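Next come two complexes built around chain A: one with chain B, the other with chain C.
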Partner chain A sequence: MTTTHPLTEASVLADITTMLARVLDEYGGLDVEVTADTTFHEDLGLESIDLVEIGALLAERYGERVNLAEFLAEKELDDVIGLRIGTLVDFVLAAAGTGA
Partner chain B sequence: MRTVAAHGGARAAAATREPERMLLLAARNTAELAERIDAASAGEGVAAEPASGPRLGVIDPTPERLALARRIVTKGAPLRGRRDIWFSPEPLLATGGLAFVFPGLEADFDPRVEDIAALLDVEVPELSAHSVGRHAASVFAVGGLLRDALLALGVRPDAVAGHSAGEWQAMIAGDIVSRSDFDGMVARSDLDALRIPGVEFVVLGCAPDRAADAITDRDGVVISHENSPSQTVICGPSDEVADIMSDLRSAGVLCQPLPFRSGFHTPMLAPYLGPFLTDGLPSLPMRTASLPVWSATTARPFPDDPAAIRELSVRHLLEPVRFSPLIRAMHDAGTRVFVQVGPGQLGSLIDDTLRGSPHLTIAANSAHRSGIAQLRRVAAAVWVEGGAPDFAVLARDAAGPAVHPTEAQRDDAASRPVRATPADADDPLVRLRELSTSLPALDDLRRLLADTADAVADVVTAARAAGPRDQRPHATPRPIAAPQAVRPTVEPIRSTLDVSTAAMPYLLDHCMAAQREDWQDETDRRPVLPATTMVAHMLDAALAAVRGHVVIEVRNLRLRRWLVAAPPTRVDVTVRPVATPDATGTGRIMLAVSLGDFADAELVLAPSHDAVPHTAPDPWRPWPDKRAPRLTARRLYDERWMFHGPAFQGITRSVAIAEQGMRGEITVLDPPGALLDNFGQLIGQWLVERRPERCIAFPAEIASIRFHQPEPAPGTTVDATIAVTDCRDEWIVVDGQLSVGGSVAISVTGWRDFRIEGGERVCAIHRFPQHNTLAARQSACWAVADEWTSLATREFLRHKYLAAAERAEYDRLAPTERRRWLLARIAAKDAARGRVADAGHGPLFPAELRVRQDTAGCLSVTSARGHQYLHVAQTHEITVVGERLIAVIEVVGGSLSVHQAMTSAEEALLDRLRDVTSDPLPVALARLAAARAVTADTADTAVLSDVAGRDLTLATSEREYRVRTDVIRNPDALPARQYAVAVRTDATQAPTTGETP
Partner chain C sequence: MVECNGIRTHFQLMRARHGIGAAPVVVCVHGLGYDSLASFYLTLSAPLSAAGVDVLAYDLRGHGRSERPRVGYQVTDFVDDLAALLDTLGIDQPVHLVGNSFGGTIAFSFAARDAARVASVVSIESEPATRAWADRMHRTLGNVVEEMSAEENLAWLAETFGSHHARLAKAAALIIQATSIVTDVPRGPLLTSDDLRALAVPVLSIVGSEGFQRDDPLALQAALPNCTTEVIEGQNHSVLVERHHTVRDLVLDWVHQHESASQPAGRLAADVA
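Moving on to the complex of A and B:
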């Protein structure tokens, strides 16, 4: 589904927090406060394979334009491992804004 | 309640370092568990530990974290490791098994092992990820260290498996291959050489079926790893893979290229496997596994039969890693706890595969904390699932004065009294002591054996002590000693052996490179010690060290390098007693003997042959389908099917040959080891007659040689039989019997020869290098294909072709340049020798010619017959030399650019060429392209102006060029490809040959 409301940094962070909680459900749920500076691997304990599910959830929420695969294609391996949630939020805002 | 603190609990309060505390709780049900958390928060002690029921483990049990743990426990759902809390309502190990899973190479490799190495008192492994080979060696070293640590911790696997290269580690953990054999292999072999040029791995964030769709119609791209439902790895040529990535990314599939490019686990690796088969893992001795070792190739446990294991170890490199089906199958078979024996992300693949199924994954190492801190988490997690790890082991992490109460006792252990010698008359140590009163040298041996036995006993005790914790309420301190950490505490007995043709004149009849009779430089003949002569010298050293004994068996003989006698050299011989369970109580002595780094073996000695419990077997019955061998014993040597000179020509009759093996009569000759060398020659004859495609073979290892009676003296007639148990492209394995007067004197088991690559031509060069060539004559050039992949074969050929000065030149080259350099010399020498033979002269041995490269890139070949200039052209597969400017171009179906630029007159000429040669169009175009390449000395493009058979004339506005063309097909061993070669035949260049004045 594609959103009809204008996206803000806060709303996207809230969306992503919900997605992280869903991904982490298997491991006992989300147990830290998610901010822009939270890191994917070190703080949340997620591995690169979990990005597959995050990518699917982002596309489901914002539509195909928000293509995490294309975004990560530009990144070096170390950037992917050290990914911050704030980086994801900026990416969603930029990608979902394109052509809107 | 049990509170375990790394640095000694309450007493550690004064320590400068903050101890990492851990709370472990068990109860009969979750309600009781919640109560115990409350009691723990209140600081009360609770002792009883029920055998079953829920368990909880919390690292750093602060009041806040205990409150969190209580909420988790009350909720009742398991939590396995998140936030350093483990809660298992129904511990998995009550009914399930625990597996070690060894990671392979991952992009991110950041182990933390210094403190673990210190704990185990071993060296910190060297860590590097700079090349695939070094990265792999580091992964193996870390895996081995962690495995030892886990075992010391009392965490023991019920099954083992591995991901990719990690599977080799699993094979070690399951005792299929020995750690020392494996480490030796890694140290010796060049894993970096084993890879396919130009292919890449890409990790795809999708299931294997989606990946399979994406690679359909993509040339040469295959699935290499089925990692999990959300992850698949593909491998293929860089450009194809780039297209796939771009397609998939636009469809939202995550793609990540991997930094290493080996091409493992794909069929594309097959042509490059040669060296790995002869020197790599499949070459190691293999045994039936001691616990289930699972294969990711089949998603089933490895077979029991060593030959089948070996076969699977080869498939492992050529077929995809089916990791996800493997984990699923292990779970189906009852595995519930997966301990990842290394750092990295492998556990996330297991979690992804087993999503929704009860299981625990835990990594034994993590980039995020110290090695011991992570091991503590492993112990906690395993305990929570019902395991019984020995937490006291980790308490050794303590530094400084704040020690665990048992630490002081541990220090005493170092000064504990030497283990008392049991006063048992059957004990060999006691008997040795009695004997030593008359033979003082034996007392030294007794001490060596006693010390070794003591070290072994310590390890066994340590291993046994790690039993269930409940049975050892007061765990006693003990040294942590992993099995490989048993270093001999005794000095070995050393001697030296002078190796030269002066000291061993019989070696002049055992030279690997035939030369002209009056050839001066002995090093060019390459006299080498026969493997069996090395054995004879090892026996001598053993018998000198332990007098009054006989050698009854040689075990696990490994022949690691050629021992060359020219120039003369001196080799250290080391004899070291080893204690083994089966040596006690039998009067037998086991010695580990090594001849430098050339060969090593274990020797079993006994007071006499009569004391041998294994009596000689009955001689084998003749095979029903036997027939007379084609080659008589005389022809075998006269026609040089065996390269041996008279001192080693011991086969006096070729008796019978069959598909299963052959029989011959040997008359024992004088040189040490001659009898068994002659036995080995029977393998050579069997290959010549039954498997001539690779008929040259040399011993690599021998599992066992048993001597049932004293070795037959020179002059004795021995009836020798080889029974072929396994024969493959790369090696042949035989068993054997050597009988005297109808009773078996020597039995041989598992004698493995590696086979040199190359068919008729290599065999011909081996037998009569002066009359044969490796390169083949074409109409205008000589061509040789690079069809020998193994280093052993290249070494073999190098000594046939190069004299000392050229070998020195070769040694100075970068390893990557040597192959092409050598091929150019082979082709040039063969071309020059061909020309000499054409003139009615010769024969010439290749070493009689000297090749030098001039500044223009021409090769100048000099011999006593004169000198010749040759031009050389090379592709990665074909080397060609000709007397004038030469070019070689691969025939490629799709390359029609030459065609597009042709005039209609040229097209007509090309048709005429094809009428004569019956060339398909791409071949004719390749001829023309090659011809253009040798006429490119002007700015004008030369135009095809005449065709006469395969001779082309090309013209520019200024001049005409004549060119002879040939088409060469790759030999069968290489991919089916053709090359067009063009050589100038016009006389406008300077003459390129001449006679010396």
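Moving on to the complex of A and C:
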């Protein structure tokens, strides 16, 4: 389902935190505080395959315009490995705010 | 997630975003051990979809989010899974198989069994399941069992290459410990040199100059009747993830070229731009 409320950095961070908790549920739950500086791999212990699930959750929440695969395909491997939650938030705000 | 050949299979179908008429279908087959459909999700899927291609990627049995049976890891099991997935999803047009490493091995065996379902094969650092391949796989997997499951080696990997690589190695070790993959994979069934000579589907072999085929990058081209080779200089085995922009351009050109030649109804975005 897509949202009609104006998106803010805080609301997107809260949404992504909820998605992370859902993905991490199978690994024992989310046990760290998620901030813009939290890293996907190092801090949360998630793998590339988890990004696929996050991508699906983002599209479900914000619509197909928020295409994580397209965003990540332009990045180099090291950037993906070091991906920060804040980078994801910025991406969502930019992608969801265009083409309306 | 669908059940195919008795295995709950995780897949992702990214539909063509542009283009007119029936879209070409690319099926991405990932490698062994720590690999998953994510390798394609992060590299080729979105750009190919944006260029007018339907892109199907899936997790092999035992990998990613697909079911992990304890036994059943011969090449023929993976080929059966792929055929069942295409059947389940109703994909009956010939597909372009893009196989990374062991994924290419599966693609060759699939094409050898059912060439009518294959428009072409793009082999990324791969080779067919021949006797020489089986012997190398047997040795390689044996080494992995010995080295990657030891905690001290994982610690060394983490220190040297970062925790990401150590985690990947640990994931590979888990599959190896939980399944019969090490003994099953080299069993094939194997393809003979006659089988390879009879493989008429067009093949694009993309290899790194420092990759697994560094001793003879053109060996595959010599063994197959219709194979073109692209050597990426200064690149090791990790061609797909480390040189994905180059691979993307090569695959798009390749699919475009073969769709134009064989299926006038299927058109890529470049045709209508």
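Note that in this section the second predicted complex is superposed on the first by the 100 of 100 C-alpha atoms of A that agree within 3 Å, B and C clash if a C-alpha of one lies under 4 Å from a C-alpha of the other, contacts with A are read in each partner's own complex, and residues count from 1 in each chain.
Definition applied: a contact is a pair of C-beta atoms (placed from the backbone, for glycine too) under 8 Å apart; a residue touches a chain by one contact, two chains touch by 3 or more.
Bear in mind the structure is a predicted one, so any value in this text is a computation, not a measurement.
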| item | value |
| --- | --- |
| Which superposed partner A:73 touches (first chain B, second chain C, both, neither) | both |
| Which of chain B and chain C A:90 touches, first, second, both or neither | neither |
| Partner chain(s) touched by A:51 [first = chain B, second = chain C, both, neither] | both |
| Partner chain(s) touched by A:31 [first = chain B, second = chain C, both, neither] | first |
| Contacts of A:43 with chain B and chain C, given as first, second, both or neither | neither |
| Per-residue contact with chain A, leading partner among chain C and chain B | B |
| Partner chain(s) touched by A:59 [first = chain B, second = chain C, both, neither] | first |
| Chain B and chain C contact sites that coincide on chain A, given as residue numbers | 42, 45, 47-49, 51-53, 55, 67, 69-70, 72-73, 77, 80-81 |
| Complex interface listing, chain A residues touching chain C | 41-42, 45, 47-49, 51-53, 55, 67, 69-70, 72-73, 77, 80-81 |
| Partner chain B, residues of chain A touching it in the complex | 24, 26-28, 31, 42, 45, 47-53, 55-56, 59, 64, 67-70, 72-73, 77, 80-81 |
| Interface residues, chain C side, partner chain A - complex | 12, 14, 36-39, 41-47, 50, 59, 64-65, 162-164, 167-168, 171, 241-242, 244, 248 |
| Of chain B, residues touching chain A in the complex | 68, 72, 77, 79-83, 107-108, 205-206, 228, 230-231, 245, 248-256, 259, 345, 348-349, 351-352, 355-356, 368 |
